[in-house]
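Note that the chains are named A, B, C and D in the order they appear, and that numbering of residues resets to 1 at the start of each chain.
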Amino acid sequence: MKKALFKILSNEPIAKDVYKLVLEGDTGGITAPGQFVNIELEGFFLRRPISVCDWDDKGMTLIYKTVGKGTKCLSEKKSGTLDLLTGLGNGFDLSKCGKRPLLVGGGVGTPPLYGLCKRLVERGAASAVVLGFNTADDVFYEEEFRALGVKTLVATVDGSYGIGGLVTDAIKTLPVGFDSYCACGPEPMLRALCDTLKIKGQLSFEERMACGFGVCMGCSCKTKYGSKRICKDGPVLSSNEVIW
Amino acid sequence: MKKALFKILSNEPIAKDVYKLVLEGDTGGITAPGQFVNIELEGFFLRRPISVCDWDDKGMTLIYKTVGKGTKCLSEKKSGTLDLLTGLGNGFDLSKCGKRPLLVGGGVGTPPLYGLCKRLVERGAASAVVLGFNTADDVFYEEEFRALGVKTLVATVDGSYGIGGLVTDAIKTLPVGFDSYCACGPEPMLRALCDTLKIKGQLSFEERMACGFGVCMGCSCKTKYGSKRICKDGPVLSSNEVIW
Amino acid sequence: MADMSVVLSGIKLENPVIPASGCFGYGAEFKDFYDLNILGSFSFKGTTKEPRFGNPTPRVAECTGGILNSIGLQNPGIEAVINEELPRIAAFFKKPVIANIGGFSVDEFVYCAERLDGVEQVGIIEVNISCPNLHKGGVNFGSDPKAAAEVTAAVRKATGKPIYIKLSPNVTSITEIAKACEDAGADGLSLINTLLGMRIDIKSRKPLLANKMGGLSGRAIFPVALRMVYEVRKAVKIPIIGMGGVASAEDVIEMMMAGASAVQIGAENLRNPFACKEIIEDLPRVMAELGIERLRDIIGVA
Amino acid sequence: MADMSVVLSGIKLENPVIPASGCFGYGAEFKDFYDLNILGSFSFKGTTKEPRFGNPTPRVAECTGGILNSIGLQNPGIEAVINEELPRIAAFFKKPVIANIGGFSVDEFVYCAERLDGVEQVGIIEVNISCPNLHKGGVNFGSDPKAAAEVTAAVRKATGKPIYIKLSPNVTSITEIAKACEDAGADGLSLINTLLGMRIDIKSRKPLLANKMGGLSGRAIFPVALRMVYEVRKAVKIPIIGMGGVASAEDVIEMMMAGASAVQIGAENLRNPFACKEIIEDLPRVMAELGIERLRDIIGVA
C-alpha cells in the first residue's frame, strides 16, 4: 500500500456513464493486476475503490461508471490531483493462470482484466477474452483487448451488439481447452461461471468498504477456509473457496 | 438579498494576511455601503460574512483577513466561481452622514468605509478618514482613500507607520467640526469612539452569524430600543442606541 | 404528475416539505426570497408566554456538517405572535401554519396552547419539550416519559387543534417517550430536536458558545434522526414529522421511507435560503427516477 | 521541546494519541505504513471469548462527515488474540497496548479480563459495554447505571490491571453511568462509542446496513463527544480517554481541554491510514502556536 498524489491527465467518457481516467504518479505500490486503488474525494467521508485497469511506472488508467454521487463527482474532475491509496488487495495470481486462461469481464468488472491480459500476453499465455454488457451503448475496451492480440468476444444481454445473451452463452461458442479462468463482474455472473466452468477460477468480488486496507472488518465474507476480507485477502478469491 | 454566482477575477494579498478579492457578477442586491455578503465555501457548513468594500453594476471588491480555516480556504481560490448571498444588512445611512463626516476604520474594519467614502465624495460631502492598524505590515488602502480626494490619516499601535497610537490619538490631530462619524473595527475601538466623540455616529458591529439574513436569531444584541439582529437590523447601529 | 401530497391529522399538505422551527423566523424574511405558498406548511420560531431575548452571544458555532446553537428561544412572546406576527403571516401565507411553542412549566405550555386554540391560521400546535438550551439542571420534559406525558395530557385538554410533541434525541429510549406521548393524547410527533453538543475555542480555552453547550443540527445528525424516526414509527401509530439534517429531495424521501409522514428542514435553510424551494422543485424528478407516483405511499416502507 | 506526555493510571504515554478500537485491527496492517512506536498506545479490535464473524454485510455505510458500521465485533476470540495476535504485536510495538474487550454477559467480560490479567503487554483493559451492534432487545450494559456498575465491579475483581469502561453516548445521562462505573471501581473511562444511526437505500427501499442500524462515528459526532467528555469530567475524578470524530491535532487539543487525559482516533484512520502519524507530528506546531508547553497542563482547562 502506498498513499500518493496523482495528477489527472485525462478523464473522458468512453461508453454510456463510463469514464476512463488517466493518472500520473507513483505506482510503486501496485504489485499485481486486479488490485485496486482507493480515491479520496473532497466532501466524501469514505474513499472510492476502483480497480486498476492498467499501469506502468509513470502512471495508471482507471475505468469507472458513474453510479452515485462519488463517481459523479470524480467524473467532473478534469485536472488537478487526486489522493490515492494504491496497491490494495491481492490481485490475480498470474502463476495460477496456466497456459490457456479464459478472461471474463462483466460491465465495469472488465477493466482489471485488461491489465491482467496484458501481463499474461507478455508471459506468452494464449488468453481469450469474453466481455458481457447490457447493451451496445455500454460496450468499451473491445478494441483494446483485440490490440493485445487475443481473441475477444462481446456479448450483450439485449443482443444489440456482438453475441446476444450472457457471457456464459458467448463462452459456449469458444473451443474448449482452457486451463483456468479469471473473472470480474456482477456476482450472479461470477456464480454462473463457477457453476458452469469446471476448471479452476479466480473471481474478483466487490463489497462495501470503509478502509480498503484490512483493518475495519467492513468487507468480510465467509469462505470455505474461514472469513476473509475482500479488501485485503481479496478482492480475488479462488473458485474453490467461495461459499455462494 | 440576492443569491448569485460570482466569478473570481483576482484574489491577491495586499497586506500581511489580508487579501483583496475582485468578483464579477450581479450586484443588484446591494443597496448601501456597509452591507455585507455571505460566502459559501465547500466543506464548511456556514457561509462567511465579509463586508462589501466597493461595488459597481458589474462586480464588487472584498477585502478580508485570513484568521481561520474558512478565510484560509478562500484565499486559495484564484479562479472559478463563488456562491454569495449579497445585499445583507442595513449598511450606512448616507442621509445621516451630514456634510462633514469622519470615517474611522480599524484593521479589516476598513473596507466598508471605502465604498461609503466614495459615495459620500460623489455627494459632495467633505469627509476625512482615519485608519488604525497594529503595525506597518497591516496597513492597506491608504492610497485608495487618498485617491478619492479625502484627507487620510493612518495610525499604527506600535508606531511603525503614520501616527503612533490609536485612531483616537490620530483624530485628536484633526481640526474639529465633523457633524457625524461612521466607524467599523474592533469593538473596543468603536466604544472608545463613542466615548470620546460627542457627535452622532454610525457603528458597524460583528457577531457570530449562522444565517446572515435575520431568521435564526444567532446574532442578536440588546440595544436601548430592544433587541436587534446584527445581520439584518445591523451591522450598522447608531451610537445612541448601543448598550456597551 | 407526481402526487406529493401528504396528510397530517386531517390537514392535507400539498407536499411534505416544512421549514423547521427556529430556522425560518416567522416567515417574513423568506417571503422576500420566494412565494412561501409552495411549502407544505411552516413551523414558526418557538414561542413562549413572555417575550425572551434568549442566551448571551456567541450563540452559534460551526461544526463539521452542522451547527451548534444556543439561541435559547428568543421570541416576542405569544401575545405579539398572535397580534402581530400571525396577521403579518396571513398576508403572504395562505395555508395553515404549525405553531411551535416552548415553555418552562406545564402551565406555560397550556397557556400558549389555549391562546392559540382560537387562531384559525394555526393548523397544528407543535409542542417543543426538547429544547436543549433551557432547563439547566431543572426538569427537561423531553427526557422523561412521565414529564412528557404530563405536558401532553395538559396541552391536550387546552386545545382542540392537533398537537404534535417535539421530542429530544438526547435520551436512552426515544420510543418509550414517544409511546408515553401517544398514550397521553398526542396527535403526532415531531422528531428530532438537536443533539446536545459543545465546542471549545482552543485559543481562548473557553467554550465557543457563551452558554457552553448547544444543540447540534444539520447534515451531521441525519443518520441519528433517521434511526429515531424508524424506531418510533415501529412503536407508535400516530404520524411523525421527521427532521434532522435533511438537505435534499433524496433526504426527504429517505426520511419518509423511515416512517415520516412529513419532513421538516432546519439548518439547511440557514446555509441556503432557497433550500426548501429547491427541494420541492427537485422532488418530482427524484420521484420519477425512483418510480414513486404518490409520495405518501413510501411512508415507512423501509 | 514540546512535552506531549500524559499519564493514564500510572502508565506514561509519550503522547496522548491512541488509535481507537475497531479502526486499527491488531496493528499488523498499520505497521507497514509507519513505525507504530510513535503512538501513545493503541487499542486493539474488540475481543470476545469466542471467535465471531460478526453481522452480515453490508456492514458499513457512508454518511456526511462520518460512517455507520455494524461490524458486530468480528474477532478471532480471546485465545487467538493472546496466543497469536499479541506475540505478533510484540514484534513491532514495544509499548503497553490497550486491550479492548466485548461481551454478551458479565461472565464473558470477566473471562476475557482474567485471561488478559497475566499478559504483560497489556497496559489497560478497555471494557466495551457500549457496542451498539449487539444485544438486540437484550441488556445493553452501557445504557443502564446498574448494569454498567455490575460489569465494572466484576471485571474489577478479575484483574489487577487498570480497567477503563467504554461508555455509550446513546443515553439520557452519561454522567450518571460514569459515576456508577467510578463507584464500582473503574480506573478510567473511555468515551464515546458510536451514536446509533441508520441509512436507507432509497432505490431498494431497504436499510443500507444488513443489520438495519449501526454506529455513527467520524467528524460528525465530534461536538457530541466533546460535550460528553466535558460533562463527565466535571462529574468524576478518574481519567477519561476522549474520542469521537477527532481528526486533527487541533481536535486532540480541544478534546483535552474538554477534559480528556488522552485521545483516541477511530474512523479517521480509515480515510487516512496516516492520520495518527500526521497528528502526532503536527501537535508540537499547534502547541507552539497556542503557547502550550506541556500538553497535560491543558486537560480540562475549558
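Definition applied: a contact is a pair of C-beta atoms (placed from the backbone, for glycine too) under 8 Å apart; a residue touches a chain by one contact, two chains touch by 3 or more.
Please read these numbers as outputs of a predicted model, since none were measured by experiment.
Set against the C-alpha centre of chain A, every other chain centre is closer than that of B. Each chain gets one centre point, the mean of its Cα atoms, and the points for chain B and chain D are 47 Å apart. Computed centre separation for the pair chain C/chain D is 34 angstrom, with centres defined by C-alpha atoms.
Centre-to-centre separation of chain B and chain C, using mean CA positions: 36 Å. Looking at chain D, residues 63-66, 219 sit in touch with two or more other chains.
Residues of chain A found to touch two or more other chains are absent.
Interchain contacts close the chains into one ring where each touches exactly two others, per the touch definition above. By the contact rule set out at the top, the touching chain pairs are A-B, A-D, B-C, C-D.
Residue ranges of chain C in contact with chain D, taken from their complex: 63-66, 68, 143, 170-172, 195-200, 202-203, 205-207, 212-213, 216, 219-224, 226-227, 230, 245, 250, 253-254, 257-258, 290, 298, 301-302.
Residues 42-43 of chain B touch chain A in their complex. Across the complex, chain A meets chain D through its residues 1, 3, 40, 44-47, 85, 207-211, 213-222, 227, 232. Across the complex, chain D meets chain A through its residues 22-25, 29-30, 32-33, 45, 53-54, 57-67, 69, 71, 74, 218-219, 267, 269-274.
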